[in-house]
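Read through the structure below, which is laid out as structure tokens, and then see the notes.
By letter and in written order, the chains are A, B and C; residue numbering begins at 1 in each of them.
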Amino acid sequence: MTPIESSAPRRWKKPPFIANPLVRYGILIVAAAYLIWAFGSLPFNWARISEGVPRAARIFSGGFPPNFDRFELLLTGFKESFQIAILATLLGVLLSIPFAVMAARNIAPMPIYLVGRAIIIVSRSFHPVIVAILFVAAVGFGPLAGILTLTLYSIGFVGKLLAEEIEEIDWGQVEAMRASGAGYLATLFYAVFPQILPRQIGLSMYQLDSNLRASAVVGIVGAGGIGGTLMNAFGRYDYDFAFAILLVIIAVILLSEGISGWVRKKIW
Amino acid sequence: MLEIKNLVKRYGHSEPVLKGLDLKVEGNSVVSIVGASGAGKSTMLRCINRLVEPTSGSITLNGVELVHLKGAELRLARRKIGMVFQGFNLLDRLTVMENVLAGRLGYVNLFQAISRRYPQEDIDRAFHLMERVGIAHYANKRADELSGGERQRVGVVRALMQEPDVLLADEPTASLDPRTSEQIMVLLQSLASELSLPVLINIHNVAQAKTYTERIVGLRHGKMIFDGEPAAFNKDALDEIYGGIEAPDGDITAEPAASETTHDAH
Amino acid sequence: MVDHAEQLADRVWQRFDRKERLIRYAVLLATLMLVVWALSDIDIFWPWVWDAPNQISGLAARMWPPSPAGFANIVSALLETVHIATLATFLTIFLALPVAYIAAQNTTPNRACLWLGRFILVSSRSVNTIIWALLFVAIFGPGVLAGILAIVFRSIGFIGKLMGEAIEEIDRRPVEAMEATGASKAKVIAYAIVPQVMPAFFAIVILRWDINIRESTVLGLVGAGGIGVILQGAIDTFAWPTVATILLAIIVLVLIGEALTSVLRRKVL
């Protein structure tokens, strides 16, 4: 190839991701400073942490093989978790409908919309475990607190998605109902609910699955179910039983995820 | 010199796609390979740089047997074989310059590649080639912002950055409009003579093949049934290659300049 | 169906055909039985249920008004919560990416790696953050390290799974082109794969950070650091007005996190 005469060797550098060098290095420095600050300010108890490795060895050697001797205890715990999940899903999915109607901009009047949104935002902001600990404080230990917790959790999640679904419905049907002289409730039942029903059934299945997951953890703060059993096993250094519970939890979660996914595929 | 001997490619247990091909390409000749879809054109080209594993046979490039190369040796061989793709196969989210320099990946080390610190000669060569095909002013544009013809130019320059001993072009114009595809064919033809580089072009458009290449190879059902100069490629040869298969007349017989239809990807 | 209806058969309007109806009734019946079983079998003292609204409103009344005392403590605990979430998300990136790489069908080196990767992802995802926290508290003692590790171990599955899916969805053609230039595996990854999954990567990490902020608010309940520690302390001492303040602080934190993630997402994508 005959090289074309070029006056000077041309430089090329990759154009930086952020054009302004000040911003570019600024972000890097801020990020590095943050990491240092965050690491520095966190109270690590190094003395205790250094004991971790032998402890881990003890826990894992104590945990294997997992011990299924107290199978009945395990079964009782799971049964309660299932019951909590089923009842909470039913309540939550039913209650989420009025809250979703409240929180849908296109069919709720402004003040009601704000209340509905606020309820959904608040119930979504709190991790179910925090809600559980409050309900345990209010109504005492046991599955009732778990059901209340997961009901609220379901209202937040299903309500939000359902409200979005309502906001996207085909408005023509609503107008048609109104034109035929239907009242507000009749319009809801004939023009709005049929449009969101398939979605609602799919969401219920999804919610049953995620309630089952959550029901395994709310027990840790005393709201009933397998979580409590697990917490007790850990508290009593019963690691072989704890690992047995963990394995069954994993198996149940995988199974329920599979079933829920299969059912949702069938419906949609 | 590229020499293919008794090349066979079979996917699974089905009928072979290539049934014992022989082909020899010497000097800086531009060879076009024509044939209907499924005739094995693309498979043959991909066997050469081993994007497709040949089932049996031999392929030598300047005396080096390519078929049994592995690992680092295969990569060394590949960097001497440039390839231009039908779908351009650019790195869409990277700049034109990065795409072009990617042609040097077989030469630079990993640190240079990741930090984009390519040797000055590579950058000079990149600018030189980009100027040659008229895309130098796009150096810092993202590849997906370019038009089809410009994108294929990037593809061509990337292949030439490899300083290849042979250039393979797999339907380089099939995704382009007629005018642009003419330009790309002219470009490939002139670059081949400027760089004295043998070029193998898979092409669907027989008119373009006749206009821009010096030798036409016709494939049908994995066998070579024509090999000769464009002048010898007559109606009979055409019928033999496409006969009984789809062959829109306008496409094959029309003069390139008047050709209005293009073939999109199949 | 009764005779009378049969006479009018062609005029009877039915929404669903016979088989569909049968399935519907069966599902409905099964659901009903499940609910009845759950209601009758569950270990609940029903008088408490009827009393629950009273109890809950009573608790709410005790919380009102939120007490501003200990506000400085709450803020520093919130910061600790954010630190835990951020550091854990940051650490997760380094662990999750290799797992994603071996768990993606098109990049995994071999089948053993593929199954190893999938095993890691599934076990990480099936164990809840708070259960991971329980385990790490048992190992490393109460404190932020247990919290960070818990979040890391749960996030690996999340980020790894989604990144693996992003890798599986890349356009193969640039990969082919890079292989054709004679580039090594590492260079092919750097040029053809990394740029393609970058947008998904940012979106996934930002999403997980948002989730981790929420998750790290509860770590303290099992002793793994963050705002949960003082929440638990306040509940144990029946300091309900302080509990209310902490709850408000958590809402504010979560909302700020959500706002920040939506801004970031818009900036990056």
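By definition in this document, a residue touches a chain if its C-beta (ideal position, glycine included) is under 8 Å from a C-beta of that chain, and two chains touch if they have at least 3 such contacts.
Predicted model only: the values in this text are computed from it and were never measured.
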item: Remotest chain, subunit C as reference, centres from CA atoms; value: B
item: Between B-C and A-B, the pair joined by more C-beta contacts; value: B-C
item: Rounded Å distance, subunit A centre to subunit C centre (Cα mean); value: 5
item: Subunit A and subunit B, separation of their C-alpha mean positions in angstrom; value: 52
item: Centroid spacing, where centroids are CA-atom means, of subunit B and subunit C in whole angstrom; value: 49
item: Contacts with two or more other chains, residues of subunit B listed in rising order; value: 98
item: Junction residues of subunit A - those touching two or more other chains; value: none
item: Touching residues on subunit C, where the partner in the complex is subunit A; value: 34-35, 37-39, 41-45, 48-49, 51-52, 55-56, 58-59, 79-80, 83-84, 86-87, 90, 122-123, 126-128, 130-131, 134-135, 138-145, 214-215, 217-218, 221-222, 225, 228, 231-232, 235, 243, 247, 250-251, 254-255
item: Residues on subunit A engaged by subunit C in the complex (per definition of touch); value: 34-35, 38-39, 41-45, 48-49, 51-52, 55-56, 59, 79-80, 82-84, 86-87, 90, 121-122, 125-127, 129-130, 133-135, 137-140, 142-144, 148, 213, 216-217, 220-221, 224, 230-231, 234, 246, 249-250, 253-254
item: Contact set on subunit A toward subunit B in their complex; value: 1, 3-4, 6, 9-15
item: Subunit A-touching residues of subunit B, taken from the complex the two chains share; value: 95, 97-98, 116, 118, 120, 123-124, 126-128, 131-132, 139-140, 194-195
item: Contact footprint of subunit B on subunit C as seen in their complex; value: 171, 173-174, 176-184, 186-187, 190-192, 195-196, 198
